[in-house]
């Protein structure tokens, strides 16, 4: 039988197997050798870095965790590095979540970055986790008029009115920058639609998003969005920028995204070869006379 | 008929117009926000209906000994265990700030049965289901991405550029291009595609969708389209 | 035995053999260790924000505590190894059986779902039945504790909620109370479906929801999508980029101008494609065709980006299997 | 016959009433908006002094002035809808272009009937507060009407309790309208779980075991789109998808037989109904689209000419006016 014909009748489970191997082997290889590929940052990632870097020390940042463990493979490295840059710049971080599990992820990120590497930062003064609020866009509309009404207590149950970091916060415009890591609805797009548009330039926003939503968010960059981290590639670029700025040898937790770029490379190469093979089959079939 | 069709349609019309006007009228500006809360509460109450449907479907399956009735038992028992453990916060310590309030603790720590079920059953199951997409995406690329015409060719050509341009492969393949032709390097090309073609295409889609939503909403508000509305009969 | 049956047998056999081999080498297979934390709290009266005295709970030495309980926090295995090396009889860090069983269950479920790629099978069916049961109940519990309790009960029965759940509950205003009463009434109407007669009343809350949704969405979509995106497209085509020496950078200017022109053409042609009441012939047909090209390029880009996300997710699952379960790799230095 | 005539009369009366409500709302809006517009744009008179600043103060307190352009757009679309609907009612029907996906609906259901297999309908995974779900339910009612005629079985697992209720209502109404109330089977429309991938696991398994001959995916979809459409493809089902989630469109386009892209999805139920009223709304939608196109083309032209000619003030002002009409304050 002709090669192309045989390829065409190939069981798709072989494709599944190839994909499994293309991802699994690099993970094992990197896990054992610990080596990663170098990253050069694209403008969208550099703008995220710059937006945070240009804020004066002590500025408040609203940090949104709009994702859940299902997408943390892509988004957690972004959240970790973003949190690290904010903490290193001595910004005051206010974490919120519109996804039920986002509050827990905020707590974990704070523990991993702030509590362990920036022990001088005090809860309630330099950072706070306001936890999850139900209500999707409703919450965004409330923060426009009364921030503390939307988040009356923090994740420990302390009233917002008693929290030092929120002392003179009235509306969301009291935060010069919103950093939002989002996986879908409600997320980055809704923040742009309901908050950034309504604040008319008073609040800037940078976003981290999954690969799926990146193309939808590009039309908002650079006007409504000051910077955008798209997918694990964006995370890896930004991670390398932050690592470079911080100097020294980064801890393994700050290399997560760059480690995940190796399976990406082989996965993508496999995809490209599959597309080529598919088209080879198609054109070979076209050349054969139809009977 | 009046109770079952006319009044609901008027409820929809009036509810919609009030919301529409509330976007412009200062005194009633916050009505949209209240609705989001109202909706969440109704949806939470409606879980009773969902649970009823789930129970009925699985109990019928078991009583009729349909194919796979054993799995219906698994569904029902995991459902019951999770629900009881979660609603009563079984094994959850109270919050450290309010130790006297019995239910002040969060139920999501893996120490409690509910948290354990979440951490070790739900997370691996749902995230692996999510990860299956990597396999399906490969099979779709192999089977469906064929340059049958110009349109399909453009689709797969772009996918090609983005796939290569967003990894180290792009650097290896086209990194040698001289500075004056750096625009043709795959990583730059992929950014160009995103900022120009993708922006234009997405804008057209977004504007179209906005018009579609506006027209659909108006069809509902003006009562032109009533097919979303059932008879509301007894079942 | 069918060919598929044989394949299953071989796959399971190979997996079991590999597991045993792995279990017999080095530190063995995935286990979870926990550290015992004794929480002892005592209360204290302090002056609050409005001068009212408040009760504050603080960590106090165990002998002065009025409330005590024990928590178990997960720690990295290397902490256990270190503690064991320092004092083999220590009991502050120990193996957690529930969590270790959970870890293995998680690994089983991961493999069970992946086995669906080969064919439908009993392990997948078991995983499917479990995920439906657990997740349906999960969202109901979340709906109860995160929505019904703080919003509905918090507004209607504040004393009860603040006593049992949230002592720092803020009193709700009139608007909130009214809207929660409305929600309660509509919710009960919805549940009327379960009553033997008069199920039609459930159509009313549904109509309310659909109508209000229509009213809300028309505003948000027209404002932020239609108008804002049209305004963003309304830009000058010619974009002069100044060069470093003060003149015009003709190379960059050409590229920027071309990009602007391409965006404009794309948006216009894309919108023409969506025209319904005009036949796609002649100029309109040509423009619509160009619009389709743009849409296809957009879809191709979206596809490429999505692949990236999907592979990252798969990588995360493999990392769970190799790192947490099999202890084959240790990228986060949890064991060494 | 008598009762039918009365029903027609009653419906006509209600339509009039609804239009009247709209008209009154618009008049109030225009009254307030006009007053606002005067305060907002002090027209420069020849002497350079603001000439018209006499706005009623109470109007300012009631009206959210920065949303004026938004109100104008919605009002415009509303007026266009009323005009085109009444034109269509008077017999001037628009010709609507062919939408291949929709012409395949009957064929797909017919094939399922022939093969004696069920039709699977997925109304997305979002709740009733998403307009795409509402559009999905509308499509379900059309598909259910056809299915009732052919006597095909519809399966519609849902991921939200409210959607299940709405879907049952819609299908029951369709069966009734098709004259076959007995073909309504509420147990085929079930709630599964709110969890995205729990739901995907269920639907995936069900598809592989029951092998539906036709699959419809109409509503708001996220990552599960490809799981469904790839499994549907492997079992050889005819698949028709429609969504406004642009991130999922590539997967539907690649793996399904027909896909309704974005706006087409919202137009679908109007197209399928073939009712003059609904076709009229499509024309209204188009007229709004043409207005947007005009804004984009004229605005870009003005901006370009102004950039080339060194920004003469009248062009700059014209551009600012256009921007203001789109809600951007220059």
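Chains here go by letter, A, B, C and D, matching the order in which they are written, and residues are numbered from 1 within each.
One rule holds in what follows: a contact is a pair of C-beta atoms (placed from the backbone, for glycine too) under 8 Å apart; a residue touches a chain by one contact, two chains touch by 3 or more.
Given the structure is predicted, the values throughout are model-derived calculations rather than measurements.
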>> Show me the overlap between the contact partners of chain A and those of chain C.
In response: B, D
> Which two chains meet at the most C-beta pairs?
Replying inline: B-C
> For which chain is the distance between its Cα centroid and the global protein Cα centroid smallest?
Replying inline: B
> Any idea how many Å lie between the Cα centroids of chain B and chain D?
Replying inline: 18
>> Averaging over Cα atoms per chain, report the distance between chain C and chain D in Å.
In response: 28
> Any idea how many Å lie between the Cα centroids of chain A and chain D?
Replying inline: 31
>> Centroid from C-alpha atoms only, then distance chain B to chain C, rounded to Å. What do you get?
In response: 10
>> Using the touch definition from the top, which residues of chain B touch two or more other chains?
In response: 13, 17, 20, 23, 30, 32, 34-37, 39-40, 42-43, 46-51, 54, 96-98, 104, 122-123, 125-127, 129-130, 132-135, 137, 139, 141, 143-145, 155-156, 159-160, 163, 166, 194-195, 198-199, 202-203, 205-209, 211, 213-214, 216-218, 220, 228-233, 235
>> I need the residues of chain A touching at least two other chains; which ones are they?
In response: 12, 16, 19-20, 23, 70-71, 73, 134, 137, 157-158, 212, 214-216, 219, 231, 233, 264, 267-268, 271
> Where does chain D touch two or more other chains at once, residue-wise?
Replying inline: 67, 70, 74, 77, 129, 131, 134, 162, 165-166, 169, 191-198, 201, 223, 246-247, 249-251, 253-254, 261-263, 267, 282, 285, 289, 292
> Viewed as a graph of touching chains, is the assembly arranged as a line, ring, star, complete set, or other?
Replying inline: complete
>> Give the list of chain D residues in touch with chain C in this complex.
In response: 67, 69-70, 73-74, 77, 94-97, 99, 128-131, 134, 162, 165-166, 169, 191-195, 197-198, 201-202, 204-205, 208-209, 246-247, 249-251, 253-254, 261-264, 267, 271, 282-283, 285-286, 289-290, 292-293, 295-297, 299-300, 303-304, 306-308, 322-323, 326-328
>> Per the contact definition, I'd like the list of chain C residues that touch chain D in the complex.
In response: 113, 116, 120, 124-125, 127-128, 131-132, 134-136, 138-139, 190, 193, 202-203, 206, 209-210, 213-214, 217-219, 222-223, 226-228, 230-231, 233-240, 264, 267-268, 271-272, 274-280, 295, 298-300, 302-303, 306
> Which positions of chain A touch chain D when the two form their complex?
Replying inline: 12, 70, 184-185, 200, 212-213, 215-216
> How about chain D: which of its residues touch chain A in the complex?
Replying inline: 126, 196-197, 222-223, 234, 246-248, 329
> Quick one: in the complex, what on chain A touches chain B?
Replying inline: 12, 15-16, 18-20, 23, 37-38, 40, 42-44, 69-71, 73, 101, 104, 134-139, 141-142, 145, 156-158, 214-216, 218-219, 231, 233, 261, 264-265, 267-272, 274-275, 277-279, 281-283
